[in-house]
Amino acid sequence: MSIYIEQQAFDPWQAIIDHQQQSDLNKQFGATATFIGSMRDFNEDADVSQMVLEHYPAMTERYLNQLEQQARERWDLLDILIIHRVGDIKPADPIVLIACWSAHRRASLDACSWLIEALKHQAPFWKKETRQDGEHWVESNTDGL
Amino acid sequence: MSIYIEQQAFDPWQAIIDHQQQSDLNKQFGATATFIGSMRDFNEDADVSQMVLEHYPAMTERYLNQLEQQARERWDLLDILIIHRVGDIKPADPIVLIACWSAHRRASLDACSWLIEALKHQAPFWKKETRQDGEHWVESNTDGL
Amino acid sequence: MSIQVKFFASLRETIGVADTTISHADSAGQAWDIATNKAERPVNVLVAINLEYAHFTSAVQDGDEVAFFPPVTGG
Amino acid sequence: MSIQVKFFASLRETIGVADTTISHADSAGQAWDIATNKAERPVNVLVAINLEYAHFTSAVQDGDEVAFFPPVTGG
């Protein structure tokens, strides 16, 4: 189980590959579900050229650990990897990675889906977008639809 | 949108990376959800040393195309990649990959979850496991729990 | 008239036939009886006609492909 | 008595303070009033005490860390 806050751009697929190789998951898991959220170059119909992601480090750490713990209590998971980017972010950069490994498919799929929703609603991160007309704090998360 | 039936072992992460680079998805998508099903070295409390995956090629192709079409009608998806392995399979080999790209998170997450369930219930693939006491056809899919 | 009949997986092994052509059948059930020499049908056998799921009572026509197989277990 | 008060994101910019220490407060609301010189509270401001979500009415004690921030927008 690993949680990372990344200051620099990261490759989510390589992070998954590395995590899988380092762990002792081999041959035990039958299911891997992942979610990656990345920066689009538009939001609410406005072009976004860059973004800054601020966070509350100590509380972020506590909440991501709590969410991971809750997921492990609720589903039968073999491993969880969570990575969240902070700092200056460019379009197409990955922002968040959630990967869940389990023996059977529903645990990893449902935990992955639950973790991204819970993270978005609870973890103290804030996005400020740079648009043509200046910098704007994103005021609230969308419902994901 | 791509569907592949693979006769040989494949690397699901590399397949995603390659697909993403070849497509014109860049900067448009904000969400990527993936599911990978892989072979465990045990099933129903018995050690499984190898497996053969048989399929009905023409019907498999038709059903995977139908499922992809249905997912695109139901959710606002930018791209779908489906890969399913057939033939001789060894423990830890990936069997199925489903990857969905969308602007917002729920479409990719919900489509990915729906596609693996629908594939498991409809697509004509069959597993034969080699255990210590011989070869056994898997008689039905689990409910994934 | 020519109808192609296919069997897959455990059913292919039980029946001992992967693929055969029969000269006449009105329904998938009749195709089963002719192709298997009236073998008993397993309770959970599935039927496809021209690559779409169907029933034993479904009509078949000249040129159709009728397939019989056990519950699917892919993914 | 010493209570650390933090502001994040748009609230940090509006208030003009990231981090300050106040010498006394009974509640998070009182900590807000002292640290902001009674600035008006935005309707949607969130409160955390010692890294856990709390309320403006929640009690604070010596050594506590009280944070105020807008709705979270990560992920």
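Side notes on the structure shown:
Just so it is clear, A, B, C and D label the chains in written order, and each chain counts residues from 1 on its own.
Following the convention adopted for this analysis, contacts are C-beta pairs under 8 Å (C-beta built on N, C-alpha and C of every residue); 3 or more make two chains touch, one makes a residue touch a chain.
Keep in mind that what you see is a predicted model, and the values were worked out from it rather than measured.
Hopping across touching chains, the smallest step count from subunit A to subunit D is 1.
In terms of the distance between Cα centroids, subunit B is separated most widely from D.
Look at where the CA atoms of subunit C average out and do the same for subunit D: the two points lie 71 Å apart.
Rounded to whole angstrom units, the spacing between the C-alpha centres of subunit B and subunit D is 48. The geometric centre of subunit B is 26 Å away from that of subunit C, both derived from CA atoms. Residues of subunit A in contact with two or more other chains: 37, 105, 116.
Contact of a single residue of subunit C with at least two other chains is seen at positions 75. Listed by label, the pairs of touching chains are A-B, A-D, B-C. On subunit D, the positions that touch subunit A within their shared complex are 6, 8-10, 13, 44, 48, 51-53, 67, 69-75.
In the complex of the two chains, the subunit B residues touching subunit A come out as 13, 16-17, 26-41, 91-92, 103-110, 112-113, 116, 142-145. By the touch rule above, subunit B contacts subunit C in their complex via residues 37, 53-56, 58-59, 62-63, 84, 95-96, 116, 119-128, 137-141.
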